[in-house]
Amino acid sequence: MEPGFDIVKAGHIEFLVTDLQEARRFYADTLGLVVTETDRSHIYLRGLEDRHHHCLTLTESGAPGVGHLAFRVATEAGLKALEGVVRAKGGYTKWVEAGEEKGQGKALITEDPFGFPVEFYTKMADEEWMLQKFQSYKGAKVMRLDHFNVMLPDVAAAYDWYVKELGFGCTEITETEGLTPDLWAAWLRRKHTCHDIALTTGKGPRVHHAGFTVADRSSIMDAADLLASSGYLRSMERGPGRHGVSNAFFLYLRDPDGNRIELYTGDYVSADPDWVPIRWKLNDPQRQTFWGAPTPASWFNDAMAVRSPKTGKFAELTSPRIKDRPDYLLSAN
Amino acid sequence: MEPGFDIVKAGHIEFLVTDLQEARRFYADTLGLVVTETDRSHIYLRGLEDRHHHCLTLTESGAPGVGHLAFRVATEAGLKALEGVVRAKGGYTKWVEAGEEKGQGKALITEDPFGFPVEFYTKMADEEWMLQKFQSYKGAKVMRLDHFNVMLPDVAAAYDWYVKELGFGCTEITETEGLTPDLWAAWLRRKHTCHDIALTTGKGPRVHHAGFTVADRSSIMDAADLLASSGYLRSMERGPGRHGVSNAFFLYLRDPDGNRIELYTGDYVSADPDWVPIRWKLNDPQRQTFWGAPTPASWFNDAMAVRSPKTGKFAELTSPRIKDRPDYLLSAN
Amino acid sequence: MEPGFDIVKAGHIEFLVTDLQEARRFYADTLGLVVTETDRSHIYLRGLEDRHHHCLTLTESGAPGVGHLAFRVATEAGLKALEGVVRAKGGYTKWVEAGEEKGQGKALITEDPFGFPVEFYTKMADEEWMLQKFQSYKGAKVMRLDHFNVMLPDVAAAYDWYVKELGFGCTEITETEGLTPDLWAAWLRRKHTCHDIALTTGKGPRVHHAGFTVADRSSIMDAADLLASSGYLRSMERGPGRHGVSNAFFLYLRDPDGNRIELYTGDYVSADPDWVPIRWKLNDPQRQTFWGAPTPASWFNDAMAVRSPKTGKFAELTSPRIKDRPDYLLSAN
Amino acid sequence: MEPGFDIVKAGHIEFLVTDLQEARRFYADTLGLVVTETDRSHIYLRGLEDRHHHCLTLTESGAPGVGHLAFRVATEAGLKALEGVVRAKGGYTKWVEAGEEKGQGKALITEDPFGFPVEFYTKMADEEWMLQKFQSYKGAKVMRLDHFNVMLPDVAAAYDWYVKELGFGCTEITETEGLTPDLWAAWLRRKHTCHDIALTTGKGPRVHHAGFTVADRSSIMDAADLLASSGYLRSMERGPGRHGVSNAFFLYLRDPDGNRIELYTGDYVSADPDWVPIRWKLNDPQRQTFWGAPTPASWFNDAMAVRSPKTGKFAELTSPRIKDRPDYLLSAN
């Protein structure tokens, strides 16, 4: 019960992009993420609320996908403890020296038991807080990274890993219908929001999206207008709308390489340690979009490949044993 | 050029409903229209901004549809002049005595040359302005009637009627593709907004929807949340979203009988007499929803039957000579 | 009753500024008005909703103030008719040739019977509509000029001029307390909004402010944040807040020269020709700000000098016979 | 460093009111807090986001003020540990049996070393989550209790108590000017928001206000409109506006007894354990209201008396050694 480490929050994510300048136009010029630093093959970005070096790294690469996702950990001792926990479950680990990832201290890169490239880190260089530099606000006015959403064949096993081994709390779940429902998805948190990571059933390991917080619904509406008149009409995959799960207001976007992010606002504070998970049935039409709008098939079909820190290649995919989408979408296809 | 009458604005509309109490729960209790007066078979409603008796009449009836739509005219002399104009074009006219429609003075009911039941009226009883009685705001906080949208086979002929005979200005049009495009739809105004009436191509005469103004985008988002948790999930047919045409923010609703209204906000001021109509192509994916979201087929298939003031029966329908929807919807069906 | 002219709306205003680049930084770079054209001593700006050349001219000058305010008139014949009306009341008139004011056709400049430099014009060059070019939105996202607010000693006389001679409708008035109240202020309109011009009692002739429409309350909040972090903290003179009169949401700003504008949104449609003016008492604490916040003394003390088209000098000021502010402000000073 | 207890968050507060029905009209009928339970002398209220019995208790009493404020603690063992910590510092403690306060389990009431009636509790009865019952939203749509703001003479000492003994993190501070600045105020948190409690310098012990979260800025604007038209014009003491400290959007209200609450929205996530406190100078004009609007004197003069759990009487007040307000307010008085 005393893990020896304290995971703070979803910290940052590395997106692989095939054209760094196209990606910059999307994330920085249009959505308004702040460029902290660049080099020949990377752009390091942070949100207006961030006080650290980056929450999103864009890395030029031959194919799109996710290089790694990272959780911030309270202490360096915690990183060492995590090394043991990951290895005990058969995961791969490797130390990353301070500065190897720009702005970051010594870190632990792992391939977790489910094949995800997960980094744990403690130190990140301080950067100027732009929260009250309103003259630098633009586009969607992205505040900060909020969460990761990952897709994998066995959510129940990953739930145990995150909750029992890594100490996450569960705020909401989705289960299948029937007498003996399967756990289909789970929303898990360390910081006091709806989630730091969501686990959903599907062919995996893949990252479904990274969620970025914006200030309010108006920011999302304004972003939709802006994208629609800036040549990004086809980037808007789903929304704007209200979620059932999380109660947040959302807009899902595909970047020029097809990588997916969510603009997200208005979930709740989940500080209570005895929080009883909210339960949803997979087929509930209000679960995904509270207003009942159907989710496009691409939302279930497409997700981002993850690059193995062990092999440097994209992870092989496994299909789930149980259905990977609601029945109303199965029948529509 | 001097018509002898001055049409002020879209004034009110009469919806036929099969269950008055169900309709009241939708329009008054949920959407927040203000009940001015009721009798056994009618509910007279007004918006928070209205200073007159009603902008929407609900009339209990064996079948849903539209009893009449009405334009306010500046003077009683204007009504007399309009009688002549309608008759000259072969339309039917009949005088409605003061009080025959509750709250209304002497009026002219017509069946216009296209089969629509159109009333012209001048006097309407004054009622309390609720605009700054914020304690009476609820639901979607409907401010006022904004416009009618009607569907008929020959938009070009109706355009001539409204613009050349009735003195409307044109703010926007939609035309078909090709070298010799057909006029597919037109947005026409008397008051200084985008429109008082829109004419669109389809099987008709039918009324497609009545548009009601709300204060802002937040009101529309709040209305969607409210409807979704009040048993009206299936009432939300299309939106919320941003229109291409009119630039307004919208949500389309079907009442318990299937009658259609629009919650509408944020168009522009069109006071300039030399306004050059904005032109859209029918197949432009941003024309209807600026964010590119496709319009459901029901939006082109369904519209409200109109009751003839001459026969008391619903008007027979005629199909248009030209296509009644964009190509991407034709092929999707 | 048939005036021979048809005033369309408040069209544009010329502000005199002592430093053109400072003024540009305020109006264009910060508030987001669109620069249509510049020359050595002028910047011509329009709003995002405007389809014509300018609604605001900044003219470099030795002292701040107002060069002229202008109403758009439907026809050139109307300009000629207006020349007669102004002269009949002892006003001064002079023709301005097409192009003399950039983008504008032939116009009539007058010094009206109350000493205001009022221009009437018909033609204005067409410009690109930015309304759906959301990528060009910035700052307060100013949509268009809405109204002028002028200060003069005899509001009752000016009311007669605008209503009886120029054909304006009256939407709201403020009167003094007591058995025989004086008309203290009036809100008058040609287009179908709350007003094109407001007349208020005070030392005059002076222009109190020009009101510019923004899309919604969020735009005003965002503008306040932006101004506060862009070195314009002291520019925010009053608000944000809700008006009693007009029901609009507002923020009053002073430009670097002290010229005053209002960011304004959310009034009502006033198309009805029989609109009964809303009546307010001068001492009603909710009249100016519906939430009861007191108005600063500067709001009653300061207004913009007007330059006489006849003499080229600033108009001499006359004090009103009646009090120029509510009692609660008289006693506070 | 291992305290044996884990304070979760600001949990609830008890306001003493002289007229229970007047208080209900304000908090429930107008602001929209949800009534969970009532008895002859109490009303127990919760927010739309709350899943527990109450975050605000109204207790009928001969004089207004605060009965107690309460922090939720993760475990019952933690309550026992807290008893020791409070006693070690000379505080008074007393056990409250389960059910003695409606809906609450066994709890520890204390008079802390600074004279504040602070309760620690663990269990609170579960109640229905109204977050997605949008049909029950009304008024200001209050989501949850966010924080307490207390006034006392020695902020530095209370800072040590909260940070070193109770384990709070510090997000922002205000210090006086000069070479050896005094700590004038501190914002402290357990949950991952800007604060659970703020300590400010003034005559004390008194509670300055309780802050309640609302969904967004629109909710605050709507609340101001509603209060202004519901007979609560004088209840609006300060705002709406943007805070410097916390960056939140706010409106301060006085209830019919003068007790003060804040409607609050839009601060940041403070999960990082190495958060470096944001520093403000007391005289910075943007510290309290980012837009520079001056704070009324009542804000520094008035605060709520606290009732001693030991004596049942209101605590005696001590004045601070250092100034209790910014210089610009000292000179204005």
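Order of writing sets the chain letters: A, B, C and D. Residues in each chain are counted from 1.
We adopt the following convention: contacts are C-beta pairs under 8 Å (C-beta built on N, C-alpha and C of every residue); 3 or more make two chains touch, one makes a residue touch a chain.
No experiment lies behind these values; they were computed from the predicted model shown.
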- Note on the structure: Chains adjacent to chain A and to chain C under the stated definition are B, D
- Message: Using the stated contact rule, I'd like to know whether A-D or C-D comes out ahead in C-beta pair count.
- Response: A-D
- Note on the structure: Between the Cα centroids of chain C and chain D the separation in whole angstrom comes to 44
- Centre to centre, by mean C-alpha position, how many angstrom separate chain A and chain D? 34
- chain B: positions in contact with at least two other chains: 132, 216-218, 225, 228-229, 290
- How about chain B: which of its residues touch chain C in the complex? 6, 8-9, 49, 51-52, 72, 74, 126, 129, 131-132, 143-144, 190-193, 213, 215-217, 244, 247, 266, 268-269, 271-273, 275-276, 278, 290
- Task: Note which residues of chain B are touching chain A in the complex, please.
- Result: 217-218, 221, 224-225, 227-229, 233-234, 236, 240, 242, 249, 285-286, 290-292
- Task: Report the residues of chain D in contact with chain B in the complex, numbered from low to high.
- Result: 132-135, 137-138, 216, 218, 222, 225-226, 228-230
